[in-house]
Amino acid sequence: MTPHNLRIVISTGGGDAPGLNAVIRAVVLAADKRGWEVFGSRNGYQGLLDTNHLVRLEPSEVFGIEQMGGTILGTTNKGNPFEFPVSSLTGEVTIRDLSPRVMENFKRLRFDAFIAVGGDGSLNIARRFAELGMPVIGIPKTIDNDLSGTVITFGLDTACVTATEALDKLKTTARSHERIFVVELMGRYAGWIALESGLAGGADVILIPEIPYDIRIVAEKILDIDVHGRKHAIVVVAEGAVPIDGKLTTKNETEAGRQEVVLGGIAERIAKELKDLTGKDTRHLVLGHLQRGGSPTRFDRLLGTRFGAAAIRFIEQGYFDTMVALDPPTVKAVPLVDAVSRMKNVPLDGDTIQTARDLSICLGD
Amino acid sequence: MTPHNLRIVISTGGGDAPGLNAVIRAVVLAADKRGWEVFGSRNGYQGLLDTNHLVRLEPSEVFGIEQMGGTILGTTNKGNPFEFPVSSLTGEVTIRDLSPRVMENFKRLRFDAFIAVGGDGSLNIARRFAELGMPVIGIPKTIDNDLSGTVITFGLDTACVTATEALDKLKTTARSHERIFVVELMGRYAGWIALESGLAGGADVILIPEIPYDIRIVAEKILDIDVHGRKHAIVVVAEGAVPIDGKLTTKNETEAGRQEVVLGGIAERIAKELKDLTGKDTRHLVLGHLQRGGSPTRFDRLLGTRFGAAAIRFIEQGYFDTMVALDPPTVKAVPLVDAVSRMKNVPLDGDTIQTARDLSICLGD
Amino acid sequence: MTPHNLRIVISTGGGDAPGLNAVIRAVVLAADKRGWEVFGSRNGYQGLLDTNHLVRLEPSEVFGIEQMGGTILGTTNKGNPFEFPVSSLTGEVTIRDLSPRVMENFKRLRFDAFIAVGGDGSLNIARRFAELGMPVIGIPKTIDNDLSGTVITFGLDTACVTATEALDKLKTTARSHERIFVVELMGRYAGWIALESGLAGGADVILIPEIPYDIRIVAEKILDIDVHGRKHAIVVVAEGAVPIDGKLTTKNETEAGRQEVVLGGIAERIAKELKDLTGKDTRHLVLGHLQRGGSPTRFDRLLGTRFGAAAIRFIEQGYFDTMVALDPPTVKAVPLVDAVSRMKNVPLDGDTIQTARDLSICLGD
Amino acid sequence: MTPHNLRIVISTGGGDAPGLNAVIRAVVLAADKRGWEVFGSRNGYQGLLDTNHLVRLEPSEVFGIEQMGGTILGTTNKGNPFEFPVSSLTGEVTIRDLSPRVMENFKRLRFDAFIAVGGDGSLNIARRFAELGMPVIGIPKTIDNDLSGTVITFGLDTACVTATEALDKLKTTARSHERIFVVELMGRYAGWIALESGLAGGADVILIPEIPYDIRIVAEKILDIDVHGRKHAIVVVAEGAVPIDGKLTTKNETEAGRQEVVLGGIAERIAKELKDLTGKDTRHLVLGHLQRGGSPTRFDRLLGTRFGAAAIRFIEQGYFDTMVALDPPTVKAVPLVDAVSRMKNVPLDGDTIQTARDLSICLGD
């Protein structure tokens, strides 16, 4: 039986990632080709909680948006529907389970499928709705590339391009001024951005969460470069990198079961320590939100487009409770539960780490 | 037994591709880490034919070259050593087999391994030297992404970025002037650049060598867009695209067993035909060598770097007569003979083609 | 007396130029600040001929458009209102003066001022409306930078950036392949784009309309470079460059009093001649509409914004029948009649030409 | 009398600026054309103090460097020759006047002219050598555009391009997350980078050193934007911006007679204050050294090239004790003493400030 005139609802949740608009456009166009309708839930699950925040997405409205950063649906989450903070008239906040309201809205509006575009958090919520009987397709979204189940997702390439361009810029001024630059890149739990950008950008040192670093080994590397006649160096550090001999400042448990780390200042700290240990002119830079922003690269536009179209095909084929994933060169569906059950870290025995070691890049260990 | 103090020779052949210098740098650094020496054969096999064209590659000489387009070794091939054109004093040209001279030089200079970076042509020659007993590792190089054995190689991403940027530029002026633009991209036998760039760049029509096109179907698509209220459109065409009802102008057999097509003018021809069939203001652009040039993207730098380092590891492990290949997320060695025995075309049942159809992009059929 | 609640109409005519949308946005915002209303005439003068093509421009509609190439008002001119081609029922075309209809619409809709953004052609038409009593402010628009009265206008910088990036890309592949590249850039009557991009992009030869070139001198330069050990070279040629010993293919008089040249093929011709004269591997590239397209540079956005705001201030001050002009570091008003009466060519005794000669760049003479 | 076989020495001092290498290349090529020799003094005046740091610059060594950021001569100043810090064997530092040694080296090496490329500090030193009889030409170098005597100099365009690209990126993520971003740009005493980039990048608030800001006025602007339905905003702040009601943390007199401000943290401070005053999600970013780095834009390459060639022509013509300056469209020589005697601030009555006000951009006052 071929499905007829399906009604699809889509949301984008969590931090934005370049490529989200390409996903939305592809979903809308591939649905339109089949005569289906697509509705957008603004700001994550808000449109499913309060249908005033649902918008009909016509093909004319998504023309050209594949070039745009961010997401036309917004990502300003008010909370997890299963544990939603509700304020009383007296200002007290209580946690309520609003999932029945979401399920009711979903049925009342006669939706046939829900496409959840999100990271670990949003996809876990989607999985819980799937358990309640909602036909769900997940699409992975993470700048950090830390979702398992897919070899890569959109957003990483744009972030790495921005980071590598920053390294290219800093190298020229580092050389002129004979300086050490310490550059902090995204990556709380996984070091993909730092490792890939550092390799592409010719970094001398790359510090990632997967390998606790010894600052004295880093300082020795800087001094060794100097001995060999080069007076400048580039140190790349992921925001979640941790020193071998220390603890991170603060941690607490998040709903996704991860340790939430209060980050910040790792580049500044390392710059200060390297200055003390080497005596060299040392500066730091935190690239921050620049890595999330801007027009997606052609790679992220293409991958987002393929993921969006695949989600519609998987709905057509009835592959629910799955996540769209890239298994190069092909897009396939993997069980949603597998995808969100564990993180994808940089494998320490993989060829990318081995490449860094082969190039005598210091990894802090 | 761990190899000691190996002497490696490397060449880059055929059309240049962004990422070649990243390969060279990684080979030199990964060899240096092991205490090995690397020599470069200038202009393909020329350095192995005439040792005046061999250069010692020191780590200091490859500093920062990963950012540079082209190849520091040059690619101006004088000919295939197995069928080398030799001019006599009277100007007559005879074809001679100079492969014994190459083998002799290789032995005389006590080389332990040869890294051939090249496309179909160069790798086939390398394979023949492997048959003569030379320890060979191939590294795939093709802008067009038409080499089998590897999911992707360096150069494609940079070419697609340049092409997508061109489409982004043309869209704005096409809209202002209500014009049809026909853009010719690289791809003689395989349509990867056109398909991927066209999808990322929001093209309305994508014509690739794998799908013979009917110009009347393309014209109908243009008129249909007009009926729906949009006055401009973008047509992307691979240089090797062929009309359904016609033959290409000239073909002849090449040494690689492929049909060599004398190309050019496909965009101009299509623009003229579309103007006649639709009556619309139609322009064409041939992007040409811009797609080969320029600083490699971070993706191509990274992949080139991983390939170069892997080649050295494969030499260390004795994996000869193989080609370095990407099987995401890992780099592995595949038999060289498999890699060069057939082309990698765009699979017509793959998800990328399906995505184009889902987005109602006209593929000319 | 301060003007109250003025109603402004704006049009953009001729070929599009990056920065037009920044002009429109600044006009709308600066008018809104004063409580004035702005209307856009679509496709040049079409909105003034047929008020169905007039649109009210609200501040919300121009949000963010400064980043966009092209013009939201379109530039698909149907003709000069003073000599408008009108088709009868039998298909005959007669030329009619529709300027009275424009004047009547202008009065009937109680417009207080007209801002004409255009090149030589559009501004001349605007000047004739000014003679009929319409309060007119001109804003110069030309990629080619050939309008006198202003030191520079928006569009040139974006075109030169695109051209220089193309030269950067070609240099790397030219070097690898030891090739000569001939690159055709815009510039029918004035060689600014070719001269400025060629200087910034390290060209060896720059041929501009202002200096008829001798192909033998160009060939000598190429051979001289070869003798000094460099095997590749870059030749930049403006589309309007002319050989010293030849005539251009076709010319005819345009309404602006200029000789209209049927162009095309100058790069291909020069490449062929250089190949014959030097025996070297020579390729050509026509950059074409890429130079008009795409997001404007920060320079063109800024200049367009300054010009748009200045136009509103000049209306407030009653400076009509003038053109907004840049006299660095200040924007001022110059008489419209002066601005359109002559072209701004590259001065042969200026320091930019002298710089090219100081760098031993061949100018073909 | 035409000068014959002159020997020129050139230095680059102070913070690096994109375009320095274009200057060096043009000086070398224009000198070579006249048969002159050029020597580079490494790290500012160091090569004139210690001739081991002098290098002969041949045309072959400057090939292609116009594309490179930084300066091949380095800028790691050890000190002002007139007040040079000298360490004794016991570690004591005394200030000595080493200018006689510079004058002696200059004469002993038979130099005919000195080209000083630098900012306020380096040019003042050059002027003092001119007073001692050295034939000096200055070339202005400042990212901040705060040197008087020239309408603009190289470096500003590249810095503004980097800054505007950052604003473009942040706008997309600001919109998705409904955030306020506060971006700190360069500009200690003059607000050119912040003002020009803010205008080009569509900022809502621009704070510059020339206009002390009232944080409550900024907060009102943010709230007013919110009332009108936009939930995100961009605040651009020059590093030297000062609150109307406060003092900067630390100041002291510099040799150039300016107040040296210990900067840093202005963006973080403003972000915190805005969060408190508006209750909105507010983030900050310090763009820092990214603005100095990277390949120069075509504008900065061109201007650097014109300046370098002009310096050689001015030497030929005997125009010493002058600075090369841009008076568009022409490069001219201005007295060196005039150029360094005062700063070039953003004129508060100029059309750029007026443009910002016309667009309802908040300037903090």
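For clarity, chains are labelled A, B, C and D in written order, and residue numbers in each chain start from 1.
In the analysis below, a contact is a pair of C-beta atoms (placed from the backbone, for glycine too) under 8 Å apart; a residue touches a chain by one contact, two chains touch by 3 or more.
Here the structure is a predicted model, which is why all the values come from computation and not from measurement.
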| item | value |
| --- | --- |
| Relative to chain D, chain with the most remote C-alpha centre | B |
| Mean-CA-position distance for chain B and chain A (Å) | 31 |
| Centroid distance [mean C-alpha coordinates] between chain D and chain B, Å | 42 |
| Chain B and chain C: spacing of chain centres that average the CA atoms, whole Å | 37 |
| Per-residue multi-chain contacts in chain A, two or more chains | 168, 171 |
| Graph class of chain-chain contacts, one of line, ring, star, complete, other | ring |
| Chain pairs in mutual contact under the definition given at the outset | A-B, A-D, B-C, C-D |
| Of chain D, residues touching chain C in the complex | 26, 29-30, 32-33, 63-64, 66-67, 151-152, 157, 160-161, 163-164, 168, 171, 196-197, 199-202, 230, 297-299, 301-302, 305-306, 309-310, 312-313, 328-331, 350-352, 354-355, 358-360 |
| Residues of chain B defined as touching chain C within the complex | 15-16, 20, 68-71, 74-76, 162, 165-166, 168-178, 181, 231, 283, 285-286, 288-290, 292-295 |
